[in-house]
């Protein structure tokens, strides 16, 4: 079985190709890698690549990858050309960092400047308040939070930009591996928050790119 | 079948008797009312008494009740003697008022002074900030909120008192009739929030009384 | 209790005030209406106002409202000034129309031009294919779909714009009042779809406004 | 305890015997193997046999098995005689391959010709479109997909054959280990899709055989 | 908004058009009816049309419909030409009859002969045993059952045909409006049962038609 | 902390003491064992003792235990005196054996004669039919089944004795670790089935003893 | 369609025939009634017959029924002959009475003496303690409780008889229409509690009869 | 990224800083430890620190920690000054000890005297009864229980103090990793129980401190 990386998708949607590693058999992943390494001019992004999945690759492939363990992402053949746009990635707590970094790495790979501000969760509301001016400068805000996920609600009441909530699977008990954070974001009484799947920093970055790019195409 | 209002419980726990009307057959409710009206010296509280349940009572019983439709509570034979203690009941939005009033009416019935502050939900954080000084004066805070229920998280990061969260069944879709609010409160990263069942303003008031009364018994 | 419509929120976020009617006691709704009618220069939007809720208002209030039963929305004191931006609202089937119209009415109220294209669900893929050129013209796409909610997945593979998925509670059995549509959208393998709560056409419109407005503020 | 492979079932339903390995104690599995190897004229199929379960068998037994790790199936004593019928097994993505191969291996074991077409998921709709002519040639289609599982919906709108959807446990977050894919398939607005349990490629192959065989018996 | 009944779907899949009434606004339903009555040569099927939905139609439309209250179906402009094929619809109990009749009426509308056998649930196993010979004559079996839904499991162990399980929302408590019946059918240890959504007699009939028709096209 | 095995419970309910090992810290388990070995005249039963938990005990303790890996039970200081009563433990499949043996071992420990009949699941109904005469001889029947758990439904329609259903966590996908089996048993349309927690063979044996013993006490 | 009341079931299991009215179409119920009234020598029991279902019957049928609204049961053609055996039905609160009466009426219909003791819930533990001597006299105990359903746990720690727990759908919020009561009973740490479906007083009575009757058959 | 321990929170709420270790990447935990060890005058508490997390720290850090494996807590730089107040921590069973010890260790760290009474679960009601006098002496009661979690219900009917229920994830099957215990506590019919997240002994201790401290501030 030969893996087809999907040229047409990129042409039609402008979004670069990415390979979700989780759930793929090591043999399938190895075949994909074998094929992609033969296209040195095309950058690729791998997401949810665990340490084990990375270690199972052969040495030659590992050397070609820019692997980042905390975000479980790897970049092959460098990043895409830089483009305009400022995205802020904010997190409620330290445990949300892997997901926030997945978003930031995806943006970096797509050529977008991302600024990560950690530990601004609203259980200490002053932490967010101190950063409001910085946040007003961003064109899109990605708010990463687990547990009760109150961060995007408070942020959306204070800031006018597009806000993409990313619930995380942080927490225990009724945090329910992110379900509570997801549902809290979706039922937020703040207006106009949009949300991705649990832990989906990659998807939030793609959505941010859709927003930034729309602007380019319209105003270019 | 004769209804037994439970004298022993009051003696042992200090909590007054209350009758949950919801789920009781109209005939059962009528029998209970018949029996309790024969004890004019004992105050009783009825909770979750819908308009329909109230209207189904006979006229004589209706006249004896102090019925409050918004909170669906009724008081028979007046309130208990006033006692010390200041409780603040805060709500995120207008839709949380029925539950907040259930808490306030229960406190009133138990002789406790309750102050209700509505519409301080954190999607407009300044609304809570403006009331912080008032809130610091309360001995116990009951925070009533639905949907994402972020109010107790922010409040608990700013205030040192006991905070009892009451999730409400307000909202639609993934608000899930209060499940999301409940789980968000329980998985709050703010420290030391305790929670009651969905829409249980009565239970929050009882818990507040346990806290206030402990103080009396210990320090009297 | 006096209802506070929240001037500060509008100032800070640029989003106009809206009143969610569902879950509010008729008495509360009447009080709110009484207060808002005294501000004839300020437009207001009411959402999820059922026929019953509308009929329970007094005649004078009803006359002031522009009520739209299919979308269950009402506008008081006219719409906001027109602004630039083209939003397409697409639906999978006829049953999704109430939610699609909630989005379109909210956009209309906020001064944004919205184009509604119904019945382009992918069980008949040619229906979407025929409208692709029209869709390429929109700056933001709101995709409204229930049941298996496959519409945004296919659309996002063909179109480069921001795509906001709105799951609907249409269907029976395991459609689970919209949960399946919501989860299918969130776990779409198409890149960069963002999602709102079930049936939340209003929220999708607000998110679209955040995207359109960002452009104005940045490029004006 | 002696394992009874069920001759009567085969006689009555025409379906061959299969042993589900998952959940069986290694000792039970070893006893079963011991017994079946003494019937060299009867082919047997083992499903969900993990690498660990295979490795725990004794060497003599391992040698007798035709083990296929990706599909976690093993065949003992060869396949059943070939029969007529063309089944297509299609998958949305690479991660669905183990389940697709379980279906294909079961068909192969039952003597049916199966054609596997991978990576035709509808987030890139052109991939399915290119294969429509091939698909029209099949008598039964098994559509294997996880996450939002939109593949059978689009296929069922384009093709007239029996379509058996097999949801997979691929994905994370609200993919919910296959529940979302299952529910999306069941609530598809395309007509006449039938569905098996999550990851049940074996069951889909059996259902295909029931369909193919009905034809034989009726028309022979 | 003009309703588009989907000619293309019929051409491509061979399945006739059907209108799901549940969840459609009365106004939408009336518009659809207005349009379809202008095509007197095309038969249409309406499903899940409640007594209330039927009564809300205007008199002229009602007269044109062949309405069947127990199955909540209506047929407009007669049935499709008869075709070969024998389908048996069996039910576990009397409460499953509405769903069984939805399947039977859909088959009748599509020109297929359907035989309904009620009350053969396996809590009285002899009831099924007495009908086995009749059942062996059918080409496809649709097994309708709620609660524990054990009927298709027992039937599939005794009969070689394609068996389509239709779980019903019959029962209370943990019957969970059909979820238990659905999950029991999906996790049946009998081989090769396929399943539709809860209460989806229409879908089962369409699947049966896909099976019957495949035979025609292949062998004609 | 000293473990208190509960003499009073045995005196009041007649049920012997048992220690649930799962979920106990190895240190706690070791302390308990230390204490119980000092009471050589009192038999004790340990349930859900995994191989790991057994291996973690010190050698002296291990020697004193009669450990049975398949059922994960251990008996200390022998069994209780034999008592009258015949209990049949039946299972649907081989994978249900660990739970069935937990029931049988508990009965053996309590001095009750238990007969285990495996592999009588109703997907091959003739297997149960062949054993009916044997089953009629039992005073209590414990029916152990996973997946769709149809066994107790069919058995309860054929047999007059008390039938205790024990759902097992066997299966995958929507088998949901036993939830489906549990709910199917609870919503069985057969009359008078009672049920225990998932995998709770121990509880079923205790319930059987309550039934057998009642007889002794009443009729002795 | 003619309703078959199932003679064979009674012969084989000794349990009398009962008709579950809920979920049956009024027309089906009327047909059943028509048929059963022609067998004046056979007693029948109807369960979950709502006031509306009863009122929809024709007058002649209503007169023949002994209808009991609180338990929603009706008896046709009198009760079965009295048999030995003493069953106690206990309830936690007044709201559990409908279910408790369904159990008691079913027992009465089957000729068994049932004693109902209400309001012995363990939030006031002394209420249960006062009745222990009475309870020791019963041969089987049916414990009916909703909400946290702690009653059977405490009772089973004090009493040696068979205890059948019946969870009720009493309560609100996380009481979840009886799911919490059901799960609490099933995961009770008291030994040997068995459980029925939520609100299934009828099933508990049937199980009690299986227990009582076993005794007769064995010892007669 | 530098970890910010939150001085402001302590100042505003009076609650000391704690670090939740679970879910934090080992690298993040190591950075935090590095920073905190440089503040030798400030005590810190670590919760949910598994043996693995502890072992992954460097030796110097390990030596500085007072690590307690059963409760998975560690204290750095000693405890806070002793304060007045008596808290009782009671558990239903031995398996609840880790959570109970987390509460007790947190209280010890905050300078509060905590008394732990284990194994007073109400399946043996006399065990609680024997300790009632001791319990009456406590100012706050923390009741730790899993499975059916009936302990706080019975305790709250006998004792007048504030009662904080902590559900535990003990048990299997429908114990659902603590969900059943949580829901049973929340829907208790005893008055005024408040609840924390599953296994959240730390949160219960913080809530107890809020209650004790309120008293100091009011009465000092």
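Letters A, B, C, D, E, F, G and H mark the chains as written, and numbering starts fresh at 1 in each.
FYI, a residue touches a chain if its C-beta (ideal position, glycine included) is under 8 Å from a C-beta of that chain, and two chains touch if they have at least 3 such contacts.
Because the structure is predicted, anything quoted here is derived from the model rather than measured.
> Chains touching chain E and chain G alike, please list them.
Looking at chain G and chain E together, the chains touching each of them are F.
> Among B-H, D-F or G-H, which chain pair copies the contacts of F-H, with over half of them the same by residue number?
D-F
> From the centre of chain E, which other chain's Cα mean sits the farthest off?
It is H whose centre lies farthest from that of chain E.
> Can you give the whole-Å distance between the Cα centres of chain D and chain G?
45
> Between chain A and chain C, tell me the centre distance in angstrom, where each centre is the average of that chain's C-alpha atoms.
Centres of chain A and chain C (C-alpha means) sit 26 Å apart.
> For chain E, what residues touch not just one other chain but two or more?
Those would be 9, 123-124, 156-158, 171, 173-175, 179, 182, 186-187, 191, 197, 200.
> Mind listing each pair of touching chains for me?
Pairs satisfying the touch definition: A-B, A-C, A-D, A-H, B-C, B-G, B-H, C-D, C-E, D-E, D-F, E-F, E-G, F-G, F-H, G-H.
> Per the contact definition, I'd like the list of chain D residues that touch chain A in the complex.
So the residues of chain D touching chain A come out as 70, 94-95, 97-98, 116, 118-119, 123-124, 126-127, 146, 170-175.
> In the complex of these two chains, what residues of chain H are touching chain B?
9, 12-15, 18, 139-140, 156-164, 182, 186-187, 191-197, 200, 203-204, 206-207, 209-211, 213-215, 217-219
> Could you list, by residue number, the parts of chain C that touch chain B in their complex?
1, 3-4, 6, 8-9, 20, 22-25, 27-28, 32, 48, 169, 178-179, 182, 197-200
> Over in the complex, which chain F residues touch chain E? Could you list them?
Contacts found on chain F: 92-93, 121-125, 147-150, 153-154, 156-158, 171, 173-176, 179-180, 182-191.
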